Amino acid sequence: MDKSKAQLVFDKMMATDYCSQWMGIEAVTLSEGHCKIKMTVTKEMLNGFGILHGGIAYAFADSAFAFAANSYGRLSVSVTGSMSFSKSAQEGDILYAEAVALHIGYKTAEFDVNISNGSKEIYYRFRGTVYRKSDNILDL
Amino acid sequence: MDKSKAQLVFDKMMATDYCSQWMGIEAVTLSEGHCKIKMTVTKEMLNGFGILHGGIAYAFADSAFAFAANSYGRLSVSVTGSMSFSKSAQEGDILYAEAVALHIGYKTAEFDVNISNGSKEIYYRFRGTVYRKSDNILDL
Amino acid sequence: MDKSKAQLVFDKMMATDYCSQWMGIEAVTLSEGHCKIKMTVTKEMLNGFGILHGGIAYAFADSAFAFAANSYGRLSVSVTGSMSFSKSAQEGDILYAEAVALHIGYKTAEFDVNISNGSKEIYYRFRGTVYRKSDNILDL
Amino acid sequence: MDKSKAQLVFDKMMATDYCSQWMGIEAVTLSEGHCKIKMTVTKEMLNGFGILHGGIAYAFADSAFAFAANSYGRLSVSVTGSMSFSKSAQEGDILYAEAVALHIGYKTAEFDVNISNGSKEIYYRFRGTVYRKSDNILDL
(Lines give C-alpha, C1' and ligand atoms only; values in the text may rest on other atoms or scores of the structure.)
Protein backbone atom coordinates (compact mmCIF):
# COMPACT_ATOMS: atom_id res chain seq x y z
CA MET A 1 0.00 0.00 0.00
CA ASP A 2 1.22 3.50 -0.74
CA LYS A 3 2.29 5.56 2.22
CA SER A 4 0.08 8.52 3.17
CA LYS A 5 1.45 12.04 2.85
CA ALA A 6 1.45 12.29 6.65
CA GLN A 7 3.61 9.15 6.83
CA LEU A 8 5.99 10.42 4.13
CA VAL A 9 6.40 13.72 5.99
CA PHE A 10 7.00 11.91 9.29
CA ASP A 11 9.60 9.61 7.69
CA LYS A 12 11.39 12.53 6.06
CA MET A 13 11.47 14.60 9.25
CA MET A 14 12.46 11.71 11.54
CA ALA A 15 15.36 10.69 9.29
CA THR A 16 17.44 13.62 10.54
CA ASP A 17 15.53 14.48 13.73
CA TYR A 18 18.31 13.28 16.04
CA CYS A 19 16.54 14.68 19.08
CA SER A 20 13.31 12.74 18.46
CA GLN A 21 15.49 9.69 17.79
CA TRP A 22 17.25 10.27 21.14
CA MET A 23 13.83 10.44 22.83
CA GLY A 24 12.98 7.09 21.21
CA ILE A 25 9.85 8.48 19.58
CA GLU A 26 7.72 6.08 17.54
CA ALA A 27 4.62 6.84 15.48
CA VAL A 28 1.32 5.36 16.65
CA THR A 29 -1.09 7.02 14.20
CA LEU A 30 -0.46 9.69 11.57
CA SER A 31 -2.94 11.51 9.39
CA GLU A 32 -3.48 14.98 8.00
CA GLY A 33 -3.58 17.41 10.93
CA HIS A 34 -3.32 14.68 13.53
CA CYS A 35 -0.51 12.68 15.06
CA LYS A 36 -0.08 10.29 17.98
CA ILE A 37 3.41 9.28 19.02
CA LYS A 38 4.88 7.39 21.97
CA MET A 39 8.08 7.27 24.01
CA THR A 40 9.38 5.72 27.23
CA VAL A 41 10.78 7.95 29.97
CA THR A 42 14.48 7.17 30.51
CA LYS A 43 16.86 8.13 33.31
CA GLU A 44 18.51 10.79 31.10
CA MET A 45 15.12 12.54 30.85
CA LEU A 46 14.78 13.10 34.61
CA ASN A 47 15.27 16.38 36.46
CA GLY A 48 16.68 16.93 39.95
CA PHE A 49 13.34 16.01 41.55
CA GLY A 50 13.43 12.49 40.05
CA ILE A 51 10.61 13.16 37.59
CA LEU A 52 10.46 13.80 33.84
CA HIS A 53 12.18 17.13 33.07
CA GLY A 54 9.48 19.59 32.00
CA GLY A 55 11.54 20.49 28.96
CA ILE A 56 11.56 16.92 27.71
CA ALA A 57 7.79 16.76 28.14
CA TYR A 58 7.71 19.94 26.04
CA ALA A 59 10.11 18.45 23.46
CA PHE A 60 7.94 15.34 23.15
CA ALA A 61 4.84 17.50 22.60
CA ASP A 62 6.75 19.77 20.23
CA SER A 63 7.70 16.80 18.04
CA ALA A 64 4.05 15.70 17.82
CA PHE A 65 3.13 19.33 17.04
CA ALA A 66 5.74 19.51 14.26
CA PHE A 67 4.68 16.21 12.65
CA ALA A 68 1.00 17.24 12.70
CA ALA A 69 1.62 20.79 11.49
CA ASN A 70 3.79 19.64 8.58
CA SER A 71 1.47 16.74 7.66
CA TYR A 72 -0.37 18.94 5.16
CA GLY A 73 2.87 19.25 3.17
CA ARG A 74 3.32 22.98 3.81
CA LEU A 75 6.57 23.68 5.64
CA SER A 76 5.58 24.91 9.11
CA VAL A 77 7.77 26.48 11.77
CA SER A 78 7.04 27.14 15.45
CA VAL A 79 6.21 30.69 16.48
CA THR A 80 5.02 30.12 20.06
CA GLY A 81 4.24 27.21 22.33
CA SER A 82 3.04 26.91 25.90
CA MET A 83 2.77 24.06 28.33
CA SER A 84 1.01 23.37 31.60
CA PHE A 85 1.87 20.71 34.13
CA SER A 86 -0.81 18.65 35.86
CA LYS A 87 0.90 15.37 36.77
CA SER A 88 4.51 14.20 36.74
CA ALA A 89 5.78 11.24 34.75
CA GLN A 90 8.37 8.82 36.20
CA GLU A 91 11.23 6.79 34.77
CA GLY A 92 9.86 3.84 32.83
CA ASP A 93 6.48 5.44 32.09
CA ILE A 94 5.24 4.97 28.53
CA LEU A 95 3.82 8.27 27.35
CA TYR A 96 1.65 9.20 24.38
CA ALA A 97 1.49 12.65 22.79
CA GLU A 98 -1.56 13.33 20.67
CA ALA A 99 -1.67 16.43 18.46
CA VAL A 100 -4.93 17.79 17.06
CA ALA A 101 -5.47 20.79 14.77
CA LEU A 102 -7.48 23.60 16.36
CA HIS A 103 -7.32 26.05 13.50
CA ILE A 104 -5.68 25.92 10.08
CA GLY A 105 -5.37 29.39 8.56
CA TYR A 106 -3.68 30.50 5.39
CA LYS A 107 -0.45 31.57 7.08
CA THR A 108 -0.75 30.39 10.68
CA ALA A 109 -2.15 27.28 12.35
CA GLU A 110 -2.75 26.21 15.94
CA PHE A 111 -2.56 22.80 17.58
CA ASP A 112 -3.19 21.21 20.96
CA VAL A 113 -1.02 18.35 22.17
CA ASN A 114 -2.03 16.32 25.22
CA ILE A 115 0.40 13.93 26.87
CA SER A 116 -0.90 10.96 28.85
CA ASN A 117 0.03 7.40 29.72
CA GLY A 118 -2.80 6.17 27.52
CA SER A 119 -5.52 6.53 30.16
CA LYS A 120 -7.85 9.55 30.19
CA GLU A 121 -5.75 11.55 32.64
CA ILE A 122 -3.66 14.27 30.98
CA TYR A 123 -0.16 14.81 32.43
CA TYR A 124 0.95 17.75 30.27
CA ARG A 125 -0.98 20.09 27.96
CA PHE A 126 0.72 21.92 25.09
CA ARG A 127 -0.74 24.55 22.76
CA GLY A 128 1.28 26.02 19.93
CA THR A 129 1.18 28.18 16.81
CA VAL A 130 3.12 27.70 13.57
CA TYR A 131 3.82 29.95 10.64
CA ARG A 132 3.05 28.10 7.40
CA LYS A 133 5.52 28.74 4.58
CA SER A 134 4.75 28.22 0.91
CA ASP A 135 7.44 25.53 0.45
CA ASN A 136 6.39 21.89 0.18
CA ILE A 137 8.34 19.95 2.77
CA LEU A 138 8.51 16.89 0.51
CA ASP A 139 10.25 18.94 -2.21
CA LEU A 140 13.02 20.22 0.05
CA MET B 1 34.58 30.99 50.95
CA ASP B 2 31.19 29.63 51.87
CA LYS B 3 28.91 28.75 49.02
CA SER B 4 25.86 30.95 48.53
CA LYS B 5 22.40 29.46 49.02
CA ALA B 6 21.82 29.77 45.26
CA GLN B 7 24.98 27.72 44.64
CA LEU B 8 23.99 25.09 47.22
CA VAL B 9 20.55 24.74 45.62
CA PHE B 10 22.09 24.47 42.13
CA ASP B 11 24.55 21.83 43.30
CA LYS B 12 21.83 19.81 45.01
CA MET B 13 19.49 19.95 42.01
CA MET B 14 22.20 19.24 39.40
CA ALA B 15 23.47 16.18 41.30
CA THR B 16 20.48 14.13 40.14
CA ASP B 17 19.30 16.29 37.20
CA TYR B 18 20.37 13.75 34.57
CA CYS B 19 18.67 15.74 31.83
CA SER B 20 20.58 18.95 32.54
CA GLN B 21 23.72 16.81 32.77
CA TRP B 22 22.89 15.32 29.36
CA MET B 23 22.50 18.86 27.99
CA GLY B 24 25.96 19.68 29.38
CA ILE B 25 24.66 22.61 31.39
CA GLU B 26 27.18 24.64 33.39
CA ALA B 27 26.56 27.52 35.77
CA VAL B 28 27.86 30.94 34.77
CA THR B 29 26.38 33.08 37.55
CA LEU B 30 23.96 32.16 40.33
CA SER B 31 22.28 34.40 42.87
CA GLU B 32 18.93 34.71 44.59
CA GLY B 33 16.26 34.98 41.90
CA HIS B 34 18.76 35.04 39.07
CA CYS B 35 20.67 32.44 37.13
CA LYS B 36 22.79 32.30 33.99
CA ILE B 37 23.80 28.94 32.55
CA LYS B 38 25.45 27.78 29.34
CA MET B 39 25.45 24.77 27.04
CA THR B 40 26.75 23.80 23.60
CA VAL B 41 24.32 22.58 20.94
CA THR B 42 25.13 18.96 20.03
CA LYS B 43 23.97 16.80 17.12
CA GLU B 44 21.54 14.91 19.39
CA MET B 45 19.74 18.20 20.09
CA LEU B 46 18.86 18.86 16.43
CA ASN B 47 15.43 18.44 14.82
CA GLY B 48 14.61 17.31 11.27
CA PHE B 49 15.33 20.80 9.91
CA GLY B 50 18.96 20.66 11.08
CA ILE B 51 18.46 23.26 13.83
CA LEU B 52 18.15 23.06 17.62
CA HIS B 53 14.93 21.19 18.52
CA GLY B 54 12.51 23.73 20.04
CA GLY B 55 11.91 21.39 22.94
CA ILE B 56 15.58 21.36 23.90
CA ALA B 57 15.63 25.15 23.77
CA TYR B 58 12.64 24.97 26.13
CA ALA B 59 14.39 22.41 28.35
CA PHE B 60 17.48 24.63 28.58
CA ALA B 61 15.30 27.61 29.58
CA ASP B 62 13.28 25.44 31.95
CA SER B 63 16.45 24.39 33.80
CA ALA B 64 17.49 28.03 34.24
CA PHE B 65 13.94 28.79 35.40
CA ALA B 66 14.04 25.96 37.95
CA PHE B 67 17.45 26.96 39.36
CA ALA B 68 16.35 30.61 39.71
CA ALA B 69 12.93 29.79 41.17
CA ASN B 70 14.38 27.41 43.76
CA SER B 71 17.29 29.72 44.63
CA TYR B 72 15.29 31.29 47.46
CA GLY B 73 15.22 27.90 49.19
CA ARG B 74 11.45 27.39 48.84
CA LEU B 75 10.66 24.29 46.78
CA SER B 76 9.12 25.55 43.53
CA VAL B 77 7.36 23.54 40.84
CA SER B 78 6.38 24.58 37.31
CA VAL B 79 2.74 25.39 36.66
CA THR B 80 2.97 26.88 33.17
CA GLY B 81 5.66 27.92 30.72
CA SER B 82 5.62 29.43 27.26
CA MET B 83 8.26 29.98 24.63
CA SER B 84 8.62 32.03 21.47
CA PHE B 85 11.07 31.44 18.68
CA SER B 86 12.93 34.33 17.01
CA LYS B 87 16.14 32.80 15.68
CA SER B 88 17.37 29.22 15.30
CA ALA B 89 20.53 27.86 16.92
CA GLN B 90 22.85 25.49 15.06
CA GLU B 91 25.07 22.57 16.05
CA GLY B 92 28.15 23.85 17.86
CA ASP B 93 26.55 27.10 19.01
CA ILE B 94 27.30 28.05 22.61
CA LEU B 95 24.09 29.29 24.19
CA TYR B 96 23.38 31.15 27.40
CA ALA B 97 20.06 31.09 29.28
CA GLU B 98 19.51 33.93 31.71
CA ALA B 99 16.62 33.78 34.17
CA VAL B 100 15.32 36.87 35.96
CA ALA B 101 12.53 37.14 38.53
CA LEU B 102 9.55 39.20 37.36
CA HIS B 103 7.36 38.74 40.40
CA ILE B 104 7.81 36.81 43.64
CA GLY B 105 4.50 36.26 45.40
CA TYR B 106 3.70 34.30 48.52
CA LYS B 107 2.55 31.20 46.66
CA THR B 108 3.40 31.84 42.99
CA ALA B 109 6.31 33.45 41.19
CA GLU B 110 7.08 34.38 37.59
CA PHE B 111 10.34 34.42 35.65
CA ASP B 112 11.62 35.37 32.22
CA VAL B 113 14.40 33.39 30.59
CA ASN B 114 16.14 34.71 27.48
CA ILE B 115 18.42 32.48 25.42
CA SER B 116 21.19 34.03 23.33
CA ASN B 117 24.68 33.28 22.10
CA GLY B 118 26.02 35.96 24.41
CA SER B 119 25.40 38.88 22.06
CA LYS B 120 22.35 41.12 22.46
CA GLU B 121 20.17 39.18 20.03
CA ILE B 122 17.65 36.88 21.73
CA TYR B 123 17.05 33.50 20.05
CA TYR B 124 14.34 32.11 22.33
CA ARG B 125 12.18 33.78 24.98
CA PHE B 126 10.63 31.80 27.84
CA ARG B 127 8.18 33.00 30.51
CA GLY B 128 6.98 30.70 33.27
CA THR B 129 5.12 30.49 36.55
CA VAL B 130 5.90 28.29 39.55
CA TYR B 131 3.93 27.29 42.59
CA ARG B 132 6.04 27.82 45.73
CA LYS B 133 5.69 25.11 48.35
CA SER B 134 6.51 25.58 52.03
CA ASP B 135 9.29 22.93 52.03
CA ASN B 136 12.91 24.05 52.07
CA ILE B 137 14.66 22.38 49.16
CA LEU B 138 17.91 22.11 51.13
CA ASP B 139 16.14 20.08 53.85
CA LEU B 140 14.70 17.48 51.48
CA MET C 1 -35.93 24.77 44.17
CA ASP C 2 -32.74 25.69 45.99
CA LYS C 3 -30.07 27.38 43.96
CA SER C 4 -26.92 25.37 43.25
CA LYS C 5 -23.62 26.51 44.75
CA ALA C 6 -22.43 27.44 41.24
CA GLN C 7 -25.51 29.67 40.84
CA LEU C 8 -25.01 31.29 44.26
CA VAL C 9 -21.37 32.03 43.43
CA PHE C 10 -22.33 33.47 40.03
CA ASP C 11 -25.04 35.67 41.59
CA LYS C 12 -22.69 36.91 44.30
CA MET C 13 -19.88 37.71 41.82
CA MET C 14 -22.16 39.32 39.20
CA ALA C 15 -23.80 41.60 41.78
CA THR C 16 -20.71 43.83 41.85
CA ASP C 17 -19.04 42.75 38.58
CA TYR C 18 -19.72 46.03 36.81
CA CYS C 19 -17.57 45.03 33.87
CA SER C 20 -19.50 41.80 33.18
CA GLN C 21 -22.69 43.84 33.59
CA TRP C 22 -21.37 46.35 31.04
CA MET C 23 -20.68 43.44 28.65
CA GLY C 24 -24.30 42.31 29.13
CA ILE C 25 -23.24 38.84 30.25
CA GLU C 26 -26.00 36.34 31.04
CA ALA C 27 -25.66 32.81 32.42
CA VAL C 28 -26.70 29.95 30.15
CA THR C 29 -25.62 26.97 32.26
CA LEU C 30 -23.70 26.86 35.54
CA SER C 31 -22.39 23.85 37.42
CA GLU C 32 -19.34 22.90 39.46
CA GLY C 33 -16.26 23.45 37.27
CA HIS C 34 -18.30 24.42 34.23
CA CYS C 35 -19.94 27.56 32.98
CA LYS C 36 -21.55 28.78 29.77
CA ILE C 37 -22.39 32.45 29.40
CA LYS C 38 -23.56 34.67 26.52
CA MET C 39 -23.26 38.26 25.36
CA THR C 40 -24.04 40.35 22.28
CA VAL C 41 -21.26 42.31 20.58
CA THR C 42 -21.99 46.05 20.81
CA LYS C 43 -20.45 48.99 19.00
CA GLU C 44 -18.48 49.99 22.11
CA MET C 45 -16.72 46.61 21.96
CA LEU C 46 -15.24 47.16 18.48
CA ASN C 47 -11.63 48.00 17.66
CA GLY C 48 -10.29 50.19 14.86
CA PHE C 49 -10.70 47.38 12.32
CA GLY C 50 -14.48 47.21 12.88
CA ILE C 51 -14.34 43.85 14.68
CA LEU C 52 -14.63 42.77 18.32
CA HIS C 53 -11.63 44.15 20.28
CA GLY C 54 -9.42 41.18 21.23
CA GLY C 55 -9.35 42.40 24.79
CA ILE C 56 -13.13 42.23 25.12
CA ALA C 57 -13.05 38.69 23.74
CA TYR C 58 -10.48 37.99 26.47
CA ALA C 59 -12.62 39.74 29.10
CA PHE C 60 -15.66 37.66 28.11
CA ALA C 61 -13.58 34.45 28.39
CA ASP C 62 -12.03 35.66 31.64
CA SER C 63 -15.46 36.13 33.20
CA ALA C 64 -16.47 32.57 32.25
CA PHE C 65 -13.13 31.38 33.64
CA ALA C 66 -13.70 33.22 36.94
CA PHE C 67 -17.25 31.91 37.38
CA ALA C 68 -16.14 28.32 36.68
CA ALA C 69 -13.01 28.51 38.84
CA ASN C 70 -14.91 29.94 41.81
CA SER C 71 -17.87 27.56 41.40
CA TYR C 72 -16.29 25.09 43.85
CA GLY C 73 -16.59 27.73 46.57
CA ARG C 74 -12.82 28.22 47.01
CA LEU C 75 -11.81 31.81 46.23
CA SER C 76 -9.73 31.64 43.04
CA VAL C 77 -7.63 34.38 41.48
CA SER C 78 -6.07 34.53 38.00
CA VAL C 79 -2.36 33.88 37.70
CA THR C 80 -1.99 33.63 33.91
CA GLY C 81 -4.22 33.52 30.87
CA SER C 82 -3.60 33.23 27.15
CA MET C 83 -5.77 33.65 24.11
CA SER C 84 -5.58 32.78 20.45
CA PHE C 85 -7.58 34.31 17.64
CA SER C 86 -9.07 32.20 14.85
CA LYS C 87 -12.07 34.17 13.60
CA SER C 88 -13.33 37.69 14.24
CA ALA C 89 -16.74 38.53 15.69
CA GLN C 90 -18.80 41.46 14.38
CA GLU C 91 -21.22 43.95 15.91
CA GLY C 92 -24.52 42.24 16.70
CA ASP C 93 -23.03 38.73 16.95
CA ILE C 94 -24.33 36.68 19.85
CA LEU C 95 -21.36 34.91 21.44
CA TYR C 96 -21.11 32.06 23.92
CA ALA C 97 -18.14 31.40 26.22
CA GLU C 98 -17.92 27.89 27.63
CA ALA C 99 -15.44 27.15 30.42
CA VAL C 100 -14.36 23.61 31.28
CA ALA C 101 -12.00 22.44 34.03
CA LEU C 102 -8.82 20.81 32.73
CA HIS C 103 -7.15 20.17 36.06
CA ILE C 104 -8.15 20.95 39.63
CA GLY C 105 -5.18 20.77 41.99
CA TYR C 106 -4.93 21.60 45.66
CA LYS C 107 -3.57 25.10 45.11
CA THR C 108 -3.83 25.74 41.37
CA ALA C 109 -6.38 24.88 38.70
CA GLU C 110 -6.53 25.21 34.93
CA PHE C 111 -9.45 25.90 32.59
CA ASP C 112 -10.16 26.16 28.88
CA VAL C 113 -12.69 28.64 27.58
CA ASN C 114 -13.89 28.48 23.97
CA ILE C 115 -15.88 31.31 22.42
CA SER C 116 -18.24 30.62 19.53
CA ASN C 117 -21.53 31.85 18.09
CA GLY C 118 -23.13 28.58 19.14
CA SER C 119 -22.05 26.58 16.08
CA LYS C 120 -19.03 24.25 16.20
CA GLU C 121 -16.57 26.83 14.92
CA ILE C 122 -14.42 28.37 17.66
CA TYR C 123 -13.65 32.08 17.29
CA TYR C 124 -11.36 32.56 20.31
CA ARG C 125 -9.59 30.06 22.57
CA PHE C 126 -8.58 30.94 26.12
CA ARG C 127 -6.54 28.88 28.60
CA GLY C 128 -5.86 30.09 32.12
CA THR C 129 -4.54 29.16 35.54
CA VAL C 130 -5.86 30.28 38.93
CA TYR C 131 -4.42 30.15 42.41
CA ARG C 132 -6.98 28.68 44.81
CA LYS C 133 -7.12 30.37 48.22
CA SER C 134 -8.50 28.75 51.36
CA ASP C 135 -11.32 31.31 51.78
CA ASN C 136 -14.87 30.35 50.88
CA ILE C 137 -16.18 32.93 48.45
CA LEU C 138 -19.70 32.63 49.85
CA ASP C 139 -18.46 33.58 53.34
CA LEU C 140 -16.75 36.79 52.21
CA MET D 1 5.47 69.84 12.38
CA ASP D 2 4.46 66.81 10.34
CA LYS D 3 2.99 63.92 12.25
CA SER D 4 5.11 60.78 12.49
CA LYS D 5 3.89 57.59 10.82
CA ALA D 6 3.30 56.09 14.30
CA GLN D 7 1.06 59.07 15.14
CA LEU D 8 -0.84 58.82 11.83
CA VAL D 9 -1.45 55.10 12.41
CA PHE D 10 -2.61 55.73 15.99
CA ASP D 11 -4.99 58.50 14.86
CA LYS D 12 -6.43 56.35 12.08
CA MET D 13 -6.95 53.34 14.37
CA MET D 14 -8.37 55.34 17.31
CA ALA D 15 -10.90 57.13 15.07
CA THR D 16 -13.07 54.00 14.94
CA ASP D 17 -11.67 52.09 17.94
CA TYR D 18 -14.80 52.54 20.04
CA CYS D 19 -13.49 50.18 22.68
CA SER D 20 -10.25 52.11 23.26
CA GLN D 21 -12.39 55.27 23.29
CA TRP D 22 -14.64 53.67 25.94
CA MET D 23 -11.52 52.86 27.99
CA GLY D 24 -10.51 56.53 27.74
CA ILE D 25 -7.13 55.65 26.25
CA GLU D 26 -4.76 58.55 25.48
CA ALA D 27 -1.35 58.42 23.81
CA VAL D 28 1.67 59.33 25.91
CA THR D 29 4.48 58.52 23.44
CA LEU D 30 4.34 56.89 20.01
CA SER D 31 7.19 55.81 17.77
CA GLU D 32 8.03 52.97 15.41
CA GLY D 33 7.71 49.72 17.35
CA HIS D 34 6.99 51.45 20.63
CA CYS D 35 3.93 52.91 22.28
CA LYS D 36 2.98 54.21 25.71
CA ILE D 37 -0.67 54.92 26.49
CA LYS D 38 -2.63 55.77 29.62
CA MET D 39 -6.12 55.30 31.05
CA THR D 40 -7.94 55.75 34.35
CA VAL D 41 -9.71 52.78 35.95
CA THR D 42 -13.46 53.44 36.12
CA LYS D 43 -16.23 51.67 38.04
CA GLU D 44 -17.44 49.94 34.86
CA MET D 45 -14.01 48.27 34.57
CA LEU D 46 -14.25 46.49 37.94
CA ASN D 47 -14.95 42.80 38.50
CA GLY D 48 -16.87 41.16 41.35
CA PHE D 49 -13.85 41.42 43.67
CA GLY D 50 -13.82 45.23 43.41
CA ILE D 51 -10.60 45.34 41.35
CA LEU D 52 -9.85 45.97 37.67
CA HIS D 53 -11.33 43.12 35.58
CA GLY D 54 -8.43 41.08 34.19
CA GLY D 55 -9.96 41.29 30.75
CA ILE D 56 -9.87 45.07 30.75
CA ALA D 57 -6.22 44.97 31.81
CA TYR D 58 -5.73 42.66 28.82
CA ALA D 59 -7.73 44.98 26.53
CA PHE D 60 -5.62 47.96 27.61
CA ALA D 61 -2.42 46.01 26.87
CA ASP D 62 -3.87 44.70 23.61
CA SER D 63 -4.54 48.25 22.41
CA ALA D 64 -0.92 49.26 23.14
CA PHE D 65 0.20 46.07 21.36
CA ALA D 66 -1.93 46.88 18.31
CA PHE D 67 -0.73 50.48 18.06
CA ALA D 68 2.93 49.42 18.35
CA ALA D 69 2.60 46.48 15.94
CA ASN D 70 0.88 48.58 13.28
CA SER D 71 3.24 51.55 13.75
CA TYR D 72 5.52 50.26 10.97
CA GLY D 73 2.64 50.72 8.52
CA ARG D 74 2.18 47.00 7.80
CA LEU D 75 -1.31 45.82 8.78
CA SER D 76 -0.82 43.49 11.74
CA VAL D 77 -3.39 41.19 13.36
CA SER D 78 -3.20 39.33 16.69
CA VAL D 79 -2.45 35.63 16.62
CA THR D 80 -1.86 34.95 20.32
CA GLY D 81 -1.52 36.92 23.51
CA SER D 82 -0.91 35.99 27.13
CA MET D 83 -1.10 37.88 30.37
CA SER D 84 0.09 37.40 33.92
CA PHE D 85 -1.23 39.12 37.00
CA SER D 86 1.09 40.42 39.73
CA LYS D 87 -0.83 43.25 41.39
CA SER D 88 -4.42 44.47 41.18
CA ALA D 89 -5.45 47.95 40.09
CA GLN D 90 -8.28 49.82 41.84
CA GLU D 91 -10.94 52.30 40.73
CA GLY D 92 -9.35 55.69 40.10
CA ASP D 93 -5.86 54.33 39.42
CA ILE D 94 -4.08 55.92 36.47
CA LEU D 95 -2.41 53.14 34.50
CA TYR D 96 0.22 53.18 31.77
CA ALA D 97 0.72 50.44 29.17
CA GLU D 98 4.10 50.42 27.46
CA ALA D 99 4.63 48.21 24.39
CA VAL D 100 8.12 47.30 23.15
CA ALA D 101 9.09 45.21 20.13
CA LEU D 102 10.90 41.97 20.99
CA HIS D 103 11.26 40.62 17.49
CA ILE D 104 10.17 41.91 14.10
CA GLY D 105 10.19 39.16 11.49
CA TYR D 106 9.05 39.21 7.89
CA LYS D 107 5.64 37.72 8.61
CA THR D 108 5.33 37.63 12.39
CA ALA D 109 6.37 39.97 15.21
CA GLU D 110 6.37 39.78 18.99
CA PHE D 111 5.83 42.47 21.62
CA ASP D 112 5.87 42.85 25.39
CA VAL D 113 3.46 45.21 27.11
CA ASN D 114 3.91 46.09 30.79
CA ILE D 115 1.19 47.86 32.72
CA SER D 116 2.08 49.99 35.76
CA ASN D 117 0.92 53.09 37.59
CA GLY D 118 4.04 54.88 36.42
CA SER D 119 6.32 53.60 39.18
CA LYS D 120 8.69 50.68 38.60
CA GLU D 121 6.29 48.03 39.88
CA ILE D 122 4.55 46.09 37.09
CA TYR D 123 0.90 45.19 37.71
CA TYR D 124 0.20 43.15 34.55
CA ARG D 125 2.54 41.66 31.93
CA PHE D 126 1.37 40.92 28.38
CA ARG D 127 3.26 39.16 25.58
CA GLY D 128 1.75 38.75 22.13
CA THR D 129 2.40 37.75 18.54
CA VAL D 130 0.97 39.33 15.39
CA TYR D 131 0.80 38.19 11.79
CA ARG D 132 2.03 40.97 9.51
CA LYS D 133 0.05 41.36 6.28
CA SER D 134 1.37 43.05 3.15
CA ASP D 135 -1.28 45.81 3.19
CA ASN D 136 -0.31 49.30 4.31
CA ILE D 137 -2.70 50.33 7.06
CA LEU D 138 -2.57 53.98 5.93
CA ASP D 139 -3.81 52.97 2.45
CA LEU D 140 -6.88 51.09 3.70
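The letters A, B, C and D name the chains in turn, as written, and every chain counts its residues from 1.
Throughout what follows, a contact is a pair of C-beta atoms (placed from the backbone, for glycine too) under 8 Å apart; a residue touches a chain by one contact, two chains touch by 3 or more.
In this text the structure is predicted, and so the values were computed from the model without any measurement.
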Could you work out which chain's C-alpha centre is the most distant one from the centre of subunit A? D
B-C versus A-C: which has more C-beta pairs touching? A-C
Euclidean distance of C-alpha centroids - subunit A vs subunit C, Å: 30
Can you work out the whole-Å distance between the CA centroids of subunit C and subunit D? 22
Cα-centroid distance, subunit B relative to subunit C, in whole angstrom: 33
Could you pull out the residues of subunit C that touch at least 2 other chains? 79-80, 82, 84, 110, 129
Under the definition above, what is the set of subunit A residues touching subunit C in their complex? 82, 84, 86, 102-103, 105, 110, 122, 125, 127, 129
Touching residues (chain side subunit D, partner subunit C) in the complex: 12-22, 43-50, 53-56, 58-63, 66, 77-85
Touching residues (chain side subunit A, partner subunit D) in the complex: 79-80, 82, 107-108, 110, 129, 131
